[in-house]
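Structures incoming, each one as structure tokens.
Below are two complexes that have chain A in common, paired first with chain B and then with chain C.
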Partner chain A sequence: MPKVTYTSADGDVSVLEGNAGDSVMEIAVRNGVPGIVADCGGSLACSTCHVYVREDDLGLLPPLEEMEDDMLDGTTSERRANSRLSCQLTLSAEDNLHVETPESQV
Partner chain B sequence: MSTNRGILIVGASQAGVQLASSLREIGYADPITIVGAERHAPYQRPPLSKAYLQGKVTAETLSFRTQEYYDKHDIQLVLNERIVAVDKAPDGSGAAMSASGREFAFSRLALTTGARPRRLQIEGADLDGVLYLRDADDAEDMKARMASADNVVVVGGGFIGLEAAASAQKFGKSVSVLEAAPRLVGRAVGEETSEFFLKAHRSRGLDITLNAKIVRFTGESGRVSGVELEDGRVVPADIVLVGIGVVPRTELAEQMGLACGNGVIVDEFSLASDGTTVVAGDCAELPNPMPRDGAPERLRLESVNNAVEQARNAAATVAGGRVPYRMVPWFWSDQGEVKLQMAGLSAGYDQIVTRGSVEDEKFSFIYYREGQVIAADCINNPVDFMAVKALLAKGINVPADRVVDAGTPLKKLVAELAPAS
Partner chain C sequence: MTEQKVTEDSVLVDDRPVVDFDHNAAEHSADPVASYRKLRAEGPIVWTEAWGGYWVLTGYEAVFDAARDDEMFSSARSPHGGEGQAILIPKRPITEHYPIDLDPPASLPYRKIMNQLLTPKRVEEMRPMVERYTTLFIDEVIEKGEADFATLTGIPSIITISWLGLPIEDWRRYSFAHRKVLSAPVGSPDYIKVTEEELPALTEDVRRVIAERKRTPGDDPISFILGHEIDGRPITEEETLNMVDLIISGGVGTVASLSGQALEWLSANPDVRQRLIDNPDLMQNAVEEFLRYFSPTQALARTVGKDADFHGVRIRKGDRALLAWSSGNRDAAGGFEDPDEVDIERMPNRHMSFGVGSHRCAGSHLGRLMARTILTQVLERMPDYRVDHEKVVRYPRQGVNTGFDQLPTTFTPGKRLLDERL
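Let's look at the complex of A and B:
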């Protein structure tokens, strides 16, 4: 099962498991990780599931597509080189991903 | 003193779940019970007309939270129970009764009952194959029926209708949309956006009739076979989806004697007229959370955004806060390749500026009133959407002569024009 470690801006850590095919956003929302809002449920409409992905893990990710790229320009907390929208990060069974949630999503 | 029975949230909806989650986040320690009439654990509705209908997601993935979440946060979730009566004392406590006879005592009550589809009461309305789309069971039924349908007719050219029509087209169905009004999505978007949708959908093969006067549904052996118009034309149909808006579920509120208009009337703290019951989401008639000249003073908002934000506001009220509800309303609609994102409310606009290329289907209509940006309808243009949402929230204006230059990002203009803080 894929595993995701979420670290909040305050340093709170949640380690959660999901199912293959889940996105990093879905696992967070289902378990109520406070740093991920995801109002639009993964429709690329709100940019409130912004995460910073640990540099070592960037290679695991699907490529950034245009719409996500555009939406990342509108995040509330600053966009960085390792910024992604977690709704677009679909996981495979063996993935073990580490993300940091930003200070604010809205 | 009686035992504190905590809050009873009637309606296992987006607003209901958000209210419960927000209460726990802000430290509310009393019992929380959510009662829902459906058999499903609370789930997202927006994908039902889009990704779910297209088979891209399953019902399980639509659930908001795991059972472990509810357990861990001590939120009692009761499904399959429809609350039909409420007996409430002036102090806000009381008991609610379900259709099956279960009683739920509470110290505080919340209504997040949502809305139901408006029914089209014409001849043939009861024929098999005349469908509505609001909940997961509706969507499952429609998806199953679509497999064997060739002709799909959608009555109503609003968001649900156009989203479902675009989804049906993906399966290669022949799809007709019948809209009674002179334009599409008339209640929610400006005329220019309606015009754009008409062209965009027609160019993709959707058969759209405006000003459609529907007389009756025709049928054979109890099954729908077509939709008859006033001019005598019968549009063949294996299934008909009726999407002509929703009606807020106010029955309980009315029975409790709460003031109701177009929804349960609440103040800016999400309180109903009794001063104790909190209400959030599609069922509420609320003061405009972004008040200004030319905009309605009170309204009802049918959106995820309002369900979530108003529920947060209601949670703050329950926890003893008094925070007036203010936010920039926003909405999205995915219709095949066309993604609409709206920020603000365009009611009362006196000028529209087009930013970007309508022909290339990547643009924004920016709405002004007296020289001030009040809203935007953005097509396949999330960058503008996010920028307008942000500038509205901050109260920044971008003049029309600058906004028209699509080559300069709005974000940059906003940064230039923002008052130094």
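Let's look at the complex of A and C:
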């Protein structure tokens, strides 16, 4: 089962497991991780599931597509080189991913 | 609110659970919350014969899933259910609105421009303007000690018109027309006046301004839109109109609906009002709860794009469907504990008041800023305001937007803050 470690801006850590095919956003929402809002439900329409991915883990991820790239320009907290929208980060069974949630999503 | 007795009065016709329901009817508008509660008890998706027949999606998960599937639930115009904009039942024959009148992928280039126009950063730059107009509106009434808070509906109107660079003196016309088209009874004199005369006239004005900006671009949203391309060619003036008209209709009535209802509720719940006065930091989360609880845009429609089994019923291509965000927002299945209670610290709060999916409100950051600013300034400057709850008048039609036509209020008079006048 894929595993995701979410660290909030305040340093709170949640380690959660999901199913293969889940996105980092879906696992967070299902478990009530407060740092991820995901208003639109995963349609690339809101930029409220923004995460900073641990540098070492960036290689595990699907590449950044144009629409996600555009939406990342509209995040509330600053965009960084390791910024992604967690709805686009679909996980495989063996994935073990570490993300930091920003101070604010809205 | 007293709990309604739920009766099993839906009947199965062919394979459809049929209910007696019309979101435009006076009976629904009298108490939309109770009306949807009754419907939810019948099922997450039910069928009514009103307006040529439509599905009503009432359950959180059904609404969420439908809004996320543009192929199964299309927003695009189509011949099904008459002429006009497909997101309303009955359809409204008005100027096309982009991107809402399109499905992905056709909608995406317009959506992209809309997103860029309304990012948190751009909205933050608008904050001084939002605060100034709100202060000016309150200045207009602060010395009198009494006001009709329904006139606060003008605040989002004047902000939207000013931001877009449209003739500022026309804000009252925009405010009136965009409120009445959604709140006056279909076929009433006000409804006919705004749909047949006023909205088309305003659209012509917008068209003229777009042509001017095309000739002489400036630093304004219309020029920004005109500077973009759609699929490798310059966006047309007509397409720009389609986007600007949507911005106006999306921004004017909704914030008015939210702030008016929140102010009325806070008057009736002085303990919560005092908590917000004492802890202004709670306002951001409180606005999210007011969004959920009041659901300013109650429901919008789609057209079924293909035959499918959906949450226990068989839907067919061409069927019309009403997605009741407001009903989903009161459904415990959405993860809301005590969904009929206001909890200004509710968290998480995955409400659907801005919609869900590819057409989710692009102006949510601006809407939130306007609502927070209005509520914050009213609480700061009129902390003891009292709504005369006996004399409030709700919109006669509350199927699309809920809100007040009259919201008479008294408060201890205060001083003007600005020298300018509206």
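As a convention for this text, the second predicted complex is superposed on the first by the 106 of 106 C-alpha atoms of A that agree within 3 Å, B and C clash if a C-alpha of one lies under 4 Å from a C-alpha of the other, contacts with A are read in each partner's own complex, and residues count from 1 in each chain.
Keep in mind that, in the parts below, contacts are C-beta pairs under 8 Å (C-beta built on N, C-alpha and C of every residue); 3 or more make two chains touch, one makes a residue touch a chain.
If you're wondering where the values come from, they're calculated on a predicted model, not measured in any experiment.
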Clash or fit: what happens to chain B and chain C when chain A is overlaid? clash
So, A:Gly74: does it touch chain B (first), chain C (second), both, or neither? both
Which partner does A:Asn31 contact after superposing on A: first (chain B), second (chain C), both, neither? first
Scan A:Gly41 for contacts with chain B and chain C and give back first, second, both or neither. both
After superposition on the shared chain, which partner residues are touched by A:Asp95: those of chain B (first), chain C (second), both, or neither? neither
Among 9-17, 63-71 or 225-233, chain C is struck only by the chain B stretch 9-17
Touching chain B in one complex and chain C in the other: list those residues of chain A. 29, 32, 34, 39-41, 43-47, 67, 70-71, 73-75
Touching residues (chain side chain A, partner chain C) in the complex: 29, 32, 34, 37-47, 67, 70-71, 73-76, 106
Footprint of chain A on chain C - complex, ascending: 64, 67-68, 108, 111-112, 115-116, 118-121, 284, 335, 347-348, 350, 354-360, 362, 364-365, 368
Chain A-touching residues of chain B, taken from the complex the two chains share: 21, 25, 44, 46-47, 50, 61-66, 68-69, 72-73, 304-305, 308, 330, 332, 334, 339, 341, 381-383, 385-387, 389-390, 409, 411
Residues on chain A engaged by chain B in the complex (per definition of touch): 22, 26, 29-32, 34, 39-41, 43-47, 67, 70-71, 73-75
